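In the part that follows, the structures are each spelled out as structure tokens.
Each of the two complexes below includes chain A, the first together with chain B, the second together with chain C.
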Partner chain A sequence: MATQAVRPMRKPDERHLARQRWARAGWVYGTMLALAVFFIGPFYVAFLGSLKDNPLEWPFRYSFPQTQPKNWAAAWRLGQLGAGNPWTGGFAPGAEVPFQISYFVEEGQEPEPPTVTVPTRRAGAGLGAIFDEVQAAPYAQVSEVQEVSRRPAVVGGQPGQIVTYAFTIRYPRGDATASLPTVPRLPLDIEAPRGQRYYAATLDPNRLERRGRVASWDSITPGFFGYVFRNYVRVFNEARDPNTGASFFLRWTANSFFVSLAVVLTTLLFASLGGYALARMYLPGKNYLFAFIVFTMTVPGQATFISNYLVLRDLGLLGSLWGMIVWSAVGAGAVFIMKQFFESIPREIEEAALIDGATPVTTFFRIILPMATPALGALTILTFQGMWNEFFKAAVVLSGQQASYTLPLGLSFFRSAYGVAGDWGLMLASAFLSMIPIIILFVVFQRYFVEGVSTSALKG
Partner chain B sequence: MLRSQRIEALYALLFLAPFLIHLGIFFVFAFVRTVGFSFTDATLIGQSSRFVGFANFVELFREPRFLAALTHSISFMLVVTTLQTFLALALAAVLNQRLRGITFFRTVYYIPSVLSSAAVTVIAIWFFQKTGFLNTFIGYIGSLSPVLLTFGVLFVLAQAVQVGLERWRGLPVPWLDPALATISLVVALALTWGLVGLGVVRPLEARPPEFTWLTNPDRFLGVPIPLWSIVILNTFTTIPTLMLIFLAGLQDIPKSLYEAASIDGATPLQQFFSVTVPMLRPVTFLVITLSLIGTLQMFDQVALMGDAAPLDSIIVLAYYVYNNVFSGEGKVGLASAAALILAGLTFAIVLLQRALGISEKAH
Partner chain C sequence: MKKILVTLALAVLGLASAQTVVKLQGFGGNDTAIMSSLVREIVNPALEKEGIRAEYQGIEGDYRAALLNALSAGTAADLFYVDIFWSEPLFASGRVEPLNKYFTPQELAVFNRNLLNAFTLRGNVYGLPKDFNTLAVQFNKDLFDEAKVPYPNQTDTWDTFKDKLKRVQAAIKDVAGLCVVADHARFGAFAHATGWRPFNAQGRTVLDANFRRAFEWYTSLVKDGAGKYAQDLGEGWTGGCFGAEKAAVAIEGAWIGGFLRDKAPNMRYGTTLIPLDPVTKQRGNFIFTVSWSMNAASRNKEAAAKVLRALTSPEAQNWILSRGLALPSRSALANSPIFQRPGKENELNRVVFQGSTSVGGAVLPFKFGALDGGNWMRPINEALQAVITGKKTVDQAIADAQAELNRIVR
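Presenting the complex of A and B:
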């Protein structure tokens, strides 16, 4: 080429190379940030969805009433005023709740005060509809609606004015002899005459209908959680056992913990015993046995569950958490991990103990197990996570017994119970709640998760 | 056998006893029983059953739902394994750097893999709704396409101009020189922002989404659209695990190989294909096997979808077996035969891997 003949190619100088290195690092970090958004982003938007009144709204909003600090403060204060409970709110005897709402009224129209009603509204769809909640309507007294202020404004290019109205909702104590209930929620509907559009309120409404004429609240004394994490509170409050009235979700969480911890204990004991025997002890045909164990890991659970279902049925363990524990008591994978670990520790220590005349049982429990703490730690984490997330076995053993569901099966139950009504807020909230223990475990013990995968898989 | 050896063997059996008893009841006995059931017309509620030979297997291949499950399982396995392997390898290659804070990112990427399939599937069903986030996002990108296109063209132009200038001055810069690309990025961003501000380039108006994922009766490449959503979901949640396995493999490749290659003048891309890929072959084998087996046995996502999608468009072998046992009278015989076919397919994959693995070692 002509240019090359005139200007011979230079070697890039040191400054140029340094610049390239820095820029490359920048691009790598940028890529990694983008990938982080890819892996975490879906969970973030789903979490936003779980806070919304309508998670399927279109267009999708990233900022909505539940994310605005103004509403957090208002919800806190109103909860305090309603029942002295800033967290979950309510409506107690003696409460006095002042409230304000502003409308935009176009020029040339005379503003009129809106109608305020405390409706009787059942909580949610699905399971919640079974129970009769104490309603606020019979106890609440709405004061006269008064105009507070008018100021001219231009909204959406239209000249007009913003009119603010105020009223107070009271819960009279009545005579001291009657015992009045504390109501969990104080729902409210405010309907404005035609032509007036909702502009602002002490607390933003849960729904706006008919072009901003009708604003409605599930509770105007919600408290912080009751407003921001409304769907999360509903997960606990609305899904209850029709017979006992106990919260399903709490029960499922307890069940999940019970099964996971029990299986962790049995797995730790049986897998370390078995793994040690396979790694260290004399047993004719040991290698064939080990090959067989590895083989069992590839056989799908669907090829064995029918008989296991029948065995558990004969033992009377169907629909019981014990059935799940017995079925999962020790897995081939756990024995495999422990065998690999015991093969990696030096032999001399146990040999010394054996020469001293200790039996294998004493050696194992006094000397071997204490040395195996790191492997046992990893096994604990992996087993706990596996059982916490186990769906197939739960679907086989626990099917139909809602009180003994574990969380994954419970989520599946919610999906069929609330999916019909499209109550996505509650479903998303329950999904996020069920993740909390695993996320905590992951944050604290992330090394075990990451190493567990790469080492155990590679050695296989 | 020495007496001490005999005692040790006894102790070994004692240690292994809980595990072996469990394995005996819940695996060996169970598997033998499944084989037995598959030749009978047993039902879950029926008391008696009789031997029917291979009738169950013959019936399976006459049943449209089983055939659908079989095709779905196999196509799901092939599609997801291909996607997962390539994406996980690419991701691992990006992450295999000695940079500060890289472990943090590794941890973050792993999160989708540790969460329960139940929770993730519930979130995914929301994601795939008509006005769910996926359609919203696609619509958003679509409406922004004029802006993104402008940005892309400007970026390429800026980079081409800069590289051309440097080469003309006699510096051997590569087309993707990172330092120049940073400048191109800033320039392209500024120009795009300016053009949008001036109103020369305008985003299109966003329209409400029309596309349905879970209730769509159409097919793409012969696979029903609802199953594609499970493909996307499963790929997303499994990539991190496979990526970590690849990463462990990458870190085992001696640095000296790369140094030798670069002294011989190999470009990073050449190094990737002539050093990384062959050295990673055993790990790739493992990843593919794990992925094939895992996807073939996929159950949770289909079961959790439930009536969110029509069953015949998402059914796979594992769910077919479960569904036959726990619906209606419980066709245990038929389900067992289907389960054996599933197990047989898995076994064939393992055998194939073994056979190829041996030739790999000889090579």
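Presenting the complex of A and C:
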């Protein structure tokens, strides 16, 4: 009896341990998964939003026209038919675009063909509003709308039939002497009589208006990018300098690269020179100087920006990218990092170089600097990222000079130009585009990043 | 050597005198695009002979803070926008040049009186109205047709208007009559119609019986089934609900036109004046406007005055009007053929323009004396919200707002 009483004690113990192991693994993986969802989730939702016609729609849908392969194929084919351009579409002379639309008609109602129009569309808000876009309406000819098929169906519990209509939109070449423009897009409105419900079309419409009576397309020859990544295409096409017509977004990207790279170079140069001098050179009062540098790190930028602003104004650098570079050329934090790193390099190496007859300059550039790659790599990535995302200084220095904006300021420009009109699609798209370089940078430099943070001694 | 130096000096002088650059500062975003085009196409060609060139600079983000900073740092432009909402404290500060010296009374008389008065302080004109907006009622014709309710029109009183909204809301599922916002910028138009004014003769804000009448009517819309609270429909403004066909009418200015062009290009909508108070048989309205004002520290005041004249010239205002970008501040343009063109947007612009004339009734500028407008409106907005969402009774809410306003308005 006693042995029987002991044995069951052992068994639950083992099971308990196994359960504990599983529970531990479950917690670890569960936490990691939760963190991943927590960090990636918003990006995923925002990315989906950037593809939508109405990013603010509620309730949020994960499946919408832009995510459906059927529409990808249709957009590709229609772009090809419209202007021979399957990527961004258009409407060129000689184009012939067949199109079909189906309606659900309840039992007892006689189907009527819908009215098809190619409307004149001008942007109502944002930068698009000031450019006179070439319209498709004067050139497009819509053929007669013909009924193609009828089949009985039950939709939403109601019996009735699905009626499909077809028509073709043509862009006649006219006589050979006339030079006709290629129109960037072919908008379309199809209005059905009351009671007929939109069911399907060759390409899903961008919106249903007037309580579902009008199906409306921004372009029925959009091409793949023009349909799926419409907001991304708009970032480049629509946001242009009203004076020169050049794309703002490309300009801002170039500006951001210029400023970030220039500041990375100046930071690397000055921080390594300064750090080395503070770590190794003989300098009376060096420690006080270092304490002072560290002290400046505690002063918030907001406290000194007015004096910096006035200095930049007197130097005539306001509104110029150079103003930003001068202001950010080197930071106390960068000098600090480099000094700490150089102090970790054994003195013996420099002494060996000295015995071999190297001057301090040679020692620095030929011996020390190559050894400092991890620290320089970390500094590069931190500085680049800091400058790429720098909003405050850009807002102070570059205010009002659209052509010399950097990306963060450009995004705020989009917010005031488009956000006020509720057009968040373009803003989401531009935010995603501005993120790409930083992601690439992290992928390329992540080794240095991790090394730079964890390194404390010499390697190899 | 001397010769070269003299030549150089002369060349520099020549360059300097050849062109005077007048800097303009205003809102960023869309305004940058519009103003740069206006300056390029109208203003600069007109002033080329006189050697004056204007340059527009749009400021992103908080314009008011940026302007005040720039005025303090001495980097403000020669001409800049001043929003009526916070104009008075700025004009009183002495940093804005009075324009009476540069413009004759005849030149000033061409502007809409209501607008010019809004920028006049102690007899001095501190800014020329750039453009303006008032409120009007936009209605969705499809929804009224579907509900078989007659469209709102300019003979509607609050009662008939509310009745129409109730009938639309009852007839169509998922559609509100109006989506009601707890905002003095909309409600105030109705309060003005009763004869109530933000400040009485003693300069105090008194929420009297007239105010209460408007307040009761406005907050009853939701309770009586003529509207829904905007936040409950997931929108922040009446135009948002209207564009999404969640509401049958909106109470907005001409700015809704551009929004609807993008959001609902096919919507069949009409525009009419704000309904009449059934007791006073009056309407009320707000004027929202921005001025062009001159920097008192400008070094090119004469040139700036010329640019200002060109910016508000009939040509410039016609250019803006014909593109549907804004409403002109010159009274003569009321008869512009552009307003008479058919089409829903032209009707919208026409009715919003009429809102500023005598048809508009009691039209008050959207400013609240020397006080910060946002601060002054807050107690009223909170009272509106509390009653609409059923947290307070009308008596309680008005009493609380009055107590708060007594503290703010001294």
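Definition applied: the second predicted complex is superposed on the first by the 424 of 460 C-alpha atoms of A that agree within 3 Å, B and C clash if a C-alpha of one lies under 4 Å from a C-alpha of the other, contacts with A are read in each partner's own complex, and residues count from 1 in each chain.
Quick note on the criterion: a contact is a pair of C-beta atoms (placed from the backbone, for glycine too) under 8 Å apart; a residue touches a chain by one contact, two chains touch by 3 or more.
Everything numeric in this text was worked out from a predicted model, so none of it was measured.
Three-chain overlay on chain A, with chain B and chain C in a clash.
Which of chain B and chain C touches more residues of chain A: that partner is B.
Of the two partner chains, chain B and chain C are each touched by A:Trp58.
After overlaying the two complexes on the shared chain, residue contacts for A:Ser412 are found with chain B and with chain C alike. Of the two partner chains, chain B is the only one touched by A:Ala332; chain C is not. With both structures placed on the common chain, the touch criterion links A:Val361 to chain B but leaves chain C unconnected. Of the two partner chains placed by the overlay, chain B and chain C both lie in contact with A:Tyr309. When the two structures are aligned on the shared chain, A:Ser434 is found in touch with chain B, with no touch to chain C.
Of the two partner chains placed by the overlay, chain B and chain C both lie in contact with A:Ala395.
Of the two partner chains, chain B is the only one that A:Trp22 touches; chain C does not reach it.
When the shared chain is aligned, no partner comes close enough to touch A:Tyr227: not chain B, not chain C. Of all the stretches 42-50, 168-176 or 276-284 given for chain B, the clashing one with respect to chain C is 42-50. In the three-chain superposition model, chain A touches both chain B and chain C at residues 58, 306, 309-310, 395, 399, 409, 412, 415-416.
Within the complex formed with chain A, the residues of chain B that make contact are 5, 8-9, 11-13, 15-16, 18-20, 22-23, 25-27, 29-31, 33-34, 37, 91, 94-95, 97, 99, 101-102, 105-120, 122-123, 125-127, 129-133, 136, 167-173, 177-182, 206, 208-209, 236, 240-241, 244-245, 247-249, 283, 286, 290, 293, 296-297, 299-300, 303-304, 306-308, 317-318, 321-322, 325-326, 332, 335-336, 339-340, 342-343, 346-347, 350.
Residue ranges on chain C touching chain A, taken from their complex, read 25, 27-30, 32-34, 36-37, 40, 57-61, 66, 73, 75, 142-143, 146, 234, 240, 243, 245, 257-268, 323, 325. By the touch criterion stated above, chain A contacts chain B in their complex at residues 3, 7-10, 12, 16, 19-20, 22-29, 31-32, 35-36, 39-40, 42-43, 45-46, 49, 55-60, 269-271, 273-274, 276-278, 281-284, 286, 293, 295-296, 298-311, 327, 329-330, 332, 335, 359-361, 364, 385, 388-389, 391-392, 395-396, 399, 407-409, 411-412, 414-416, 419, 424, 427-428, 430-432, 434-435, 438-439, 442, 446, 449-450, 453-455, 457-458, 460. Those residues of chain A whose C-beta lies close enough to touch chain C in the complex are 58, 119, 121-127, 129-130, 189, 191, 207, 209-211, 213-214, 216, 242-243, 306, 309-310, 313, 318, 395, 399-402, 409, 412-413, 415-418, 420-423.
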